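So that you can tell them apart, the chains are marked A, B, C, D, E, F, G and H in the order they are listed, and the count of residues begins at 1 in each.
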Amino acid sequence: MRTTHDVFHLAIPAHDLDAAQDFYVTRLGCKLARRYHDRITLDFFGDQVVCHLTDGQVATPESLYPRHFGVTFRVAADFDALHACAVTRKIPFYQEVALRFAGLVEEHRTFVLVDPAANLIEFNHNNDPRKI
Amino acid sequence: MRTTHDVFHLAIPAHDLDAAQDFYVTRLGCKLARRYHDRITLDFFGDQVVCHLTDGQVATPESLYPRHFGVTFRVAADFDALHACAVTRKIPFYQEVALRFAGLVEEHRTFVLVDPAANLIEFNHNNDPRKI
Amino acid sequence: MRTTHDVFHLAIPAHDLDAAQDFYVTRLGCKLARRYHDRITLDFFGDQVVCHLTDGQVATPESLYPRHFGVTFRVAADFDALHACAVTRKIPFYQEVALRFAGLVEEHRTFVLVDPAANLIEFNHNNDPRKI
Amino acid sequence: MRTTHDVFHLAIPAHDLDAAQDFYVTRLGCKLARRYHDRITLDFFGDQVVCHLTDGQVATPESLYPRHFGVTFRVAADFDALHACAVTRKIPFYQEVALRFAGLVEEHRTFVLVDPAANLIEFNHNNDPRKI
Amino acid sequence: MRTTHDVFHLAIPAHDLDAAQDFYVTRLGCKLARRYHDRITLDFFGDQVVCHLTDGQVATPESLYPRHFGVTFRVAADFDALHACAVTRKIPFYQEVALRFAGLVEEHRTFVLVDPAANLIEFNHNNDPRKI
Amino acid sequence: MRTTHDVFHLAIPAHDLDAAQDFYVTRLGCKLARRYHDRITLDFFGDQVVCHLTDGQVATPESLYPRHFGVTFRVAADFDALHACAVTRKIPFYQEVALRFAGLVEEHRTFVLVDPAANLIEFNHNNDPRKI
Amino acid sequence: MRTTHDVFHLAIPAHDLDAAQDFYVTRLGCKLARRYHDRITLDFFGDQVVCHLTDGQVATPESLYPRHFGVTFRVAADFDALHACAVTRKIPFYQEVALRFAGLVEEHRTFVLVDPAANLIEFNHNNDPRKI
Amino acid sequence: MRTTHDVFHLAIPAHDLDAAQDFYVTRLGCKLARRYHDRITLDFFGDQVVCHLTDGQVATPESLYPRHFGVTFRVAADFDALHACAVTRKIPFYQEVALRFAGLVEEHRTFVLVDPAANLIEFNHNNDPRKI
């Protein structure tokens, strides 16, 4: 059981910290917790995402599987507001809004953004809170 | 702002779903939310981790950076209880408990576990809640 | 006073753990906390239900009284979502949705499911939160 | 996911409603929500237990399995206070305080009370909150 | 600052404990916490009201001032549900629903019930939460 | 069920609003919500107490029963801090700290203050949260 | 991380404590926590604002920048209720309701009040909670 | 009543945004929410502080009154941790830790930091939560 005082954290690669900060802070609206020469620490929707400066070229993401991360919203308005923000600020989509598993219990809406290091970020909304 | 009704999710690779379930559910004590032929969905300390069945051999993890995930506990007893659980159940450590940044504001204790697909899972505790 | 950190638990009989897991986890959407040779532990809507492997044949349930368990939802949408899930996934009903005590303060909607060991599970919704 | 607004309920048999009320309200300290001619509704540590008047004689409980219910406390002081209450008020024990699974992750303390209809009520405390 | 763990309590006179229990528990839906020979303790909308057996005859209440107690609801539906309950169960009104201070910031709806010992109980709803 | 958004309120008599404000705001540390010519509204430990200007002389309080009000603290330090405040600021005691029902489940500490209109205010602390 | 138990406080100048109390308590509806000869302490929407008696004449506020304070509401109804209160009670506006950054992610509604010492108080509402 | 979803905000002057960001983010550990050419928005202990770029020279602060802002902590450990952070990171103090109103109800510990634009920031801890 993780209490609300504990924080999940995820470390991901970045090839350019300025680009990462522009993507997550200026466009996606995350808060910048700290910046060091080799990483930036973000408050990503209440959890912690750390972008570590990593050598190598940006790969083109080939598939949502097996690696991606994101947030499943309980309230549709939050999902819609984030989507509107992404459109308004021209954040690159890997996949536009789609309805998945229509008619099944698992039915949900989803869209996927892609950050400058080709990390895929998926946002969902499901009308049935039990599916979260 | 992620509310407590929203859920962070992370998708990671697994090369053997039985081994993943044994590691996360039987040993680490996560709850199994669902199991399909190609993935298992876990309640990982309140957030959602999905292990996707992926081809390929298990690589030996070379470095904690740039990819790992985990939980930063606010209460030392929770960190200690999880560490005791890992020792008692012989969960493989990638790195035993260590004190990092001793004497600085960032000082914290940390240990790192490794799952059957070589994903690294880091648990921290920091006396100063502002560093979370 | 039970705080939100405490957990209510209920132990019930099961005559086949695979059938119990299929019913509670795969169909009803509960999380599997642990499985031993003689029992499975479920996260049943936030509380703990343990199915203990028990000899004997499955009896046909004769009456909702004196034994059953379940959840009273505060929000109608949660009641409706669970009912839709039960219909979609063909979970067996002991009693379809009915309105009880119509016109009285105690008025509420209810439906009853039956698990593979003939345990009855009742779900309610009452517009007046004081009746919960 | 059961929110704190939803309520778990459990229906159990009683052969004498006065005896049930004396046991649960006067001695165990539960609140009486309602009393009808054929049942009493209790606020049992935040959830709802309903005792339904049932014909038949009180059976001697033979085993804690497969049927019992109870509460797992997160805080040791709550477990100790309830135990002290049971001793002071001479509530009958089915099983005095015992330590189970000593040395394992599942280690916990437990005691079991027996109500006038031979229903068994188990209270636990586990130092590791993840085992709840 | 009273935290949610603390409880406000109010002691009031009663001239007949059976009548008080019938009024508060059976009709108004409060829970009975304890009953002694000289008092009953009620869970009155989350706070504690104690009716102490007192000699003397029931006086007719002359005015809402200076003594009464009650609850100000934040959500209109809770106010309406309680009012409907009072009508359905024929709880005696001292004053039916009225709108007070119409057009001013202090505008609110109110009704007043009277218990068997002539204690007045006022329930309010105000659209502006800042006026609570 | 009163939610944390609802507010309990209690109306009591006062024979001198300046004296009431001095007692409750300046000495006891309650917040003054509003003052009219005929009443003052106080934030009394999170609930609302209204002192209504009332004719007549101050009676000497004869007994804690049947009328008094107050707060039962869950945490001993809050009880002690309020008691220290009352001593330091020379708030008149009707009854100094006493231990009641020693050795029983109902054991608790209590002290009683008296306001300028002879209303009695009781503060308690009980080690067993179930007795609240 | 400020928990809900911590309190933000802000000290501002006042040239007349009676005028400040009339503005903040009688008209804006804040609670008066304490009054000394040289300052008043207010519960300003859950945080603490202290008005310190300061020599000098009231300056006419020239600009919202760089100094002002206020509250950003999450729920539109709270913003509307406060605005209606200000209109009804004839609280002086420095700036009436305006829509800012229309069509952008930062779009929000805002109005600005001015207190007797020319301190500017801004209230906002933003449909996108992530912009708070 | 400000709910936990609403946010208090305070606008203050800054004469150099890089210096402000270094002070608040790198040293004091606040999160950077957004940076524009003329201001930075900070998550200051859960509330919002905006530093607006302002002409003029930095004045030497002459007095804590009438203008300053800060946080009153409920838990002593949070106060101590922040003080240790300020010392370790050589944040300039306007006033070292002092005990004020010793022996009175208002007794509390306090220290005051000064930011690059000479804004004073006061942190307090008071053993009696009612004084917050």
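The criterion applied here is as follows: a contact is a pair of C-beta atoms (placed from the backbone, for glycine too) under 8 Å apart; a residue touches a chain by one contact, two chains touch by 3 or more.
Since we're looking at a predicted model, the values are computed, not measured.
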**Asked** Using direct touches as single steps, what is the fewest number of steps from subunit B over to subunit F?
**Response** 2
**Request:** Please state whether B-D or C-D has more C-beta contact pairs across its interface.
**Result:** C-D
**Type of subunit B:subunit C copy interface by residue overlap (half), same or different** = same
**Request:** Please report how many Å separate the Cα centroid of subunit B from that of subunit E, as a whole number.
**Result:** 51
**Request:** Can you check how far apart subunit E and subunit G are, centre to centre, with Cα atoms defining each centre and the answer in Å?
**Result:** 35
**Request:** Spell out, as numbers or ranges, the residues of subunit F touching 2 or more other chains.
**Result:** 1, 29, 78, 129-130, 132
**Request:** Could you pull out which subunit C residues touch subunit D in their complex?
**Result:** 1-14, 45-48, 51-52, 54, 64-75, 78, 122, 124, 129, 132
**Prompt:** What residues on subunit H touch subunit A, complex-wise?
**Reply:** 25-26, 29, 31-35, 43
**Asked** Which bits of subunit H are touching subunit F when the two form their complex?
**Response** 103-105, 127-131
**Item:** Interfacial residue positions of subunit H with respect to subunit B in the complex
**Value:** 29, 78, 81-82, 84-85, 88-89
